[in-house]
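We just call them A, B, C and D in the order they show up, numbering each chain from 1.
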Amino acid sequence: MSEKDSIELQKQFQAKIEADIKIEPKDWMPDDYRKTLIRQITQHAHSEIVGMLPEGNWITRAPNLRRKAVLLAKVQDEAGHGLYLYSAAETLGADREESIDDMHTGKAKYSSIFNYPTLSWADMGAIGWLVDGAAIMNQVPLCRTSYGPYARAMVRVCKEESFHQRQGYEIMTTLANGTPIQKEMAQDALNRFWWPALMMFGPSDANSKHTAQSMAWKIKRHTNDELRQKFVDATVPQAHLIGLTIPDADLKFNEETGHWEFGEINWEEFYNVIKGNGPCNKKRIDDRRKAKENGMWVREAARAYADKQKERMKKAG
Amino acid sequence: MSEKDSIELQKQFQAKIEADIKIEPKDWMPDDYRKTLIRQITQHAHSEIVGMLPEGNWITRAPNLRRKAVLLAKVQDEAGHGLYLYSAAETLGADREESIDDMHTGKAKYSSIFNYPTLSWADMGAIGWLVDGAAIMNQVPLCRTSYGPYARAMVRVCKEESFHQRQGYEIMTTLANGTPIQKEMAQDALNRFWWPALMMFGPSDANSKHTAQSMAWKIKRHTNDELRQKFVDATVPQAHLIGLTIPDADLKFNEETGHWEFGEINWEEFYNVIKGNGPCNKKRIDDRRKAKENGMWVREAARAYADKQKERMKKAG
Amino acid sequence: MTKQEALFEYTLRAGDDSLILGQRLSEWCGHGPVLEEDIAMTNIALDLIGQATSLLAYAAEVEGKDRDEDQLAFLRYEKEYKNLLLVEHPNIDFGVTMARQFLFDVFHYHFFKELTQSSDSQLAAIAEKSLKEVTYHVKHSSEWIIRLGDGTEESHTRIQQAVNDLWEYTGEMFVMDQVDEIMIAEGVGVDLARIKTIWHDHVQQVFERATLTMPEYGYMQLGGRQGRHTEYMGYLLSEMQYMQRAYPNMQW
Amino acid sequence: MTKQEALFEYTLRAGDDSLILGQRLSEWCGHGPVLEEDIAMTNIALDLIGQATSLLAYAAEVEGKDRDEDQLAFLRYEKEYKNLLLVEHPNIDFGVTMARQFLFDVFHYHFFKELTQSSDSQLAAIAEKSLKEVTYHVKHSSEWIIRLGDGTEESHTRIQQAVNDLWEYTGEMFVMDQVDEIMIAEGVGVDLARIKTIWHDHVQQVFERATLTMPEYGYMQLGGRQGRHTEYMGYLLSEMQYMQRAYPNMQW
């Protein structure tokens, strides 16, 4: 392809972006656009898969049958999200198993929030309310992201996530309205998950290396700090409504701006957890890797059987 | 060795037996005597080792600290008994690891009682009271058995077993004097362990193939049925004393003989469990085999280190 | 035994089968051999917990002692659970899990199919709904039995071993006692003797496609229906019941 | 924080370390790599449960709220257990178990050695008794570290990996907070900063004989002393507490 052609394609591509026309798998796209998308989509897929573990940790101990069923359904949804997202990444030429291996070796990331342990039943509430809540803030704009398959996957994901968010808040509400010990359990979960949830929006804009280009490509449509503020503004009143206290002494409502101002995020903790030092980084990756290793013979058997069947079909004509 | 010598040795051997002089490892003994002893001693050792499992099953769930400590101490004693007994068998030329492998392949037996599951805390009482109780009946006469090292091992074993038996009865007493639910737990354990405990004395004399020869050699000093009756006579009043019911509709005291007459033992169950069809036969052997397999690298390391040390000593010289 | 007592016990048994198997399956969550299986197993667990909820709620209603499905599910002692020993067997690996699932699914399918004809309209309705779910379960586990049996040498050996090891727990599915007799007499319950033959043929068919050998019918372990469980059960319960035991009388 | 509160907390922490490690070790019962180890590990578990009993009984006495050692051991919520994260780590295999044991034993030994000098005569007496036991524990685990480290290639790799994996839990042993400060000021408690150096040298010496590499001091996991545990803890507790939770207010 001549340089001229390439410039022309680049122009057409950017024009589509400007016009909010979706890019589709067969369309030409810049290499970096493709790479950025693959990185972002698989990272999101990995997060869904790893995200099954902290919640899976409480399914066998859910306090009643209804909660057990709802939690099972939620975790099942997450596995489903993982599937659509890997499929979307595959339309860009990514290989699912390779991507997963990249996560296992630490080359690819997943959301750091899942490196925190789930220590009580209330954490199932906190994760739904705060973690899914934060995820939705991040993801709703992605329903309009410029890459078609990703945008369409996100529509479905967001619909389910917002359902999960409501379920989580309902768990917290029940606990907050329950016995003193239940309310304390809810408060403790909020204390542990509040700051990690704020960190889910990523570094502050000043330190975010991908934001500018991603916004130009309309992969991303809001900055980290904008989304974080939106989350805080939405969540603080929800906490107050059920009588829980946000664990931030600096939190105050600014009458002029209409925003809740919040304290300094502990970025050292943020980078530490990203670097692998969170309480559960090792456990999460170990669990996933072990699942893959223990399932090896099963996947091999399925492949061998499929091959045999194909052979039989062929012979049968 | 001439036939004459052999007959002479045989005579001397039998004379010692008659005179209640202990046979010691370096003494001449008939091949069958040696084999019978090895079979019996290793079987007893295996029973101690496998016997750690049903009780080990409740250590992590013992209801208070004192009971947890007592149960740990008891299981530790059993491992110790296993050790003395394997050592006694080794004086007869048996190899510990080979004997253990024989058990894992089903060639060697262990006491069938351990193929029943421990399903409640009360089973820790029932096992101590009934199983150790029956074991003592079997074993006390073995303190006078004709083979020296075995007799001496049994002195130590019996002392500890009778301590265990009292502890078990004390657990049952506490439960029987406890809440209705605890009393029911104790009764249920008695119901499940009573008949298997009676079966511990082996087939009735009419069907016992080893008894006659073993008695002539003074390896064994009472018949199965004698010991079983002794056990029943001792145990029934203990049950009554704490208000528990022996699960035998035919049980009645014979004023003339002074013995408790009991119902027909379900020999079909007895032989079924021996054949491997008890509720836990597979689990017990699997657990022991897995322990051996998982410990392979550890034993290899210990051996390699010992070899290196020997080499270093030699060099240092 | 009154009809009501028998109906309570009958419904409880079915409820406990679904409950305990659902509990076991849900341990897999996030640890499956492939993402599609995480979805499938979670889905099946969800169906089973749903069935348990309906059945235990009905059992509680029949009992009339002011207990609800959660009290039955979480606050009984081990002896009071009446599930088959098969379903409490630990997962061990995917092969054992699928063997357990398949042997039970085939039973479950034919059981519910018959139960749709029950003269008890509530049980019939639960059976109707469950049958749809269980139809998928059998299909899913049969496919895996075939894939693993006719897959690689390793998978064939492993699934055959799993089937052999679990076989002694299959006899219990077809044992009938007074409870069953009363329920059959009332037109409520299912004739398990009839199901046994159907089960055998169905299993055999799948095994043939899977190139697996049908184990011989030897000694069969019993006890679950009488509340006499395996040593695995206590651990399962201590985990499952923990919240209800540690935080009694609270709403969640 | 009053002196009494600090003393309660201080004693509780030490009691919980012994309790939880004793609980973990006792899971090995009957599954050891060799019979002698079954005896040794059971023996160590027994020592630890004994220490826990003395320490929790004393904590209960200090607290003065009419609880006893069993209530403290079995009827607290997870957040109220104050043991080190290290001791709740699962057994995994004999290598991880011995690495965990060794790293803790060395700490335990020097901790009790110092504590024998405590101005609190009860703690000093418990320390005196425990020191004898722990002296054997260190010897036992050190020998295994050396044997496994200087044994085969496989054992060397495995024990080195185990040490590396557990290293991030060792920092917590030496972190001091208000409780420690009050106890040191009162002459009751131990200066953990001093123990840290001694621990380091002791561990290094054994590692040298074992041909093991001392891991680097990186990020250290904290939380146990504040009741923030690992995900393993909840399962351990549901098993350990089951009887007391399921059958409340009974004598055993």
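Just so it is clear, a residue touches a chain if its C-beta (ideal position, glycine included) is under 8 Å from a C-beta of that chain, and two chains touch if they have at least 3 such contacts.
Here the structure is a predicted model, which is why all the values come from computation and not from measurement.
Trainee: Round to the nearest whole Å and give the separation of the Cα centres of chain C and chain D.
Mentor: From the centre of chain C to the centre of chain D is 42 Å.
Trainee: So what's the Cα centroid distance for chain B and chain C, whole Å?
Mentor: Result: the chain centres lie 37 Å from each other.
Trainee: Just give me the whole-number Å value for how far the CA centre of chain A lies from that of chain B.
Mentor: 58
Trainee: Multi-chain contacts in chain D: which residues touch at least two other chains?
Mentor: Residues 77, 234, 238-239, 242 of chain D touch two or more partner chains.
Trainee: Please output the residue numbers of chain A that touch at least 2 other chains, ranges allowed.
Mentor: 61, 181, in rising order.
Trainee: Chain contact graph: line, ring, star, complete or other?
Mentor: Basically it's none of the tidy shapes, so other.
Trainee: According to the definition already given, which pairs of chains are in contact?
Mentor: Pairs of chains that touch one another: A-C, A-D, B-C, B-D, C-D.
Trainee: For chain D, which residues count as touching chain B in their complex?
Mentor: Chain D residues touching chain B: 23, 26-27, 29-39, 42-43, 45-46, 49-50, 52-53, 56, 69-70, 73-74, 93-95, 146-148, 150-152, 154-155, 158, 239-240, 242-244, 247, 250-252.
Trainee: Can you check the complex and tell me which residues of chain B touch chain C?
Mentor: 54, 57, 61, 117-120, 181, 188, 192, 272, 275, 277, 279-280, 282-283
Trainee: Could you please specify the touching residues of chain C with respect to chain B in the complex?
Mentor: Contacts found on chain C: 77-79, 165, 168, 218-219, 221, 223, 228-231, 233-234, 238.
Trainee: Tell me, which parts of chain C touch chain D in their complex?
Mentor: Where chain C meets chain D, its residues are 77, 234-235, 237-239, 241-242, 245-246.
Trainee: Going by the contact rule set out above, which residues of chain A touch chain C in the complex?
Mentor: 49, 52-53, 56, 59-69, 72-73, 75-76, 79-80, 82-83, 86, 121, 171, 174-175, 178-179, 181-182, 287-288, 290-291, 294-305, 308
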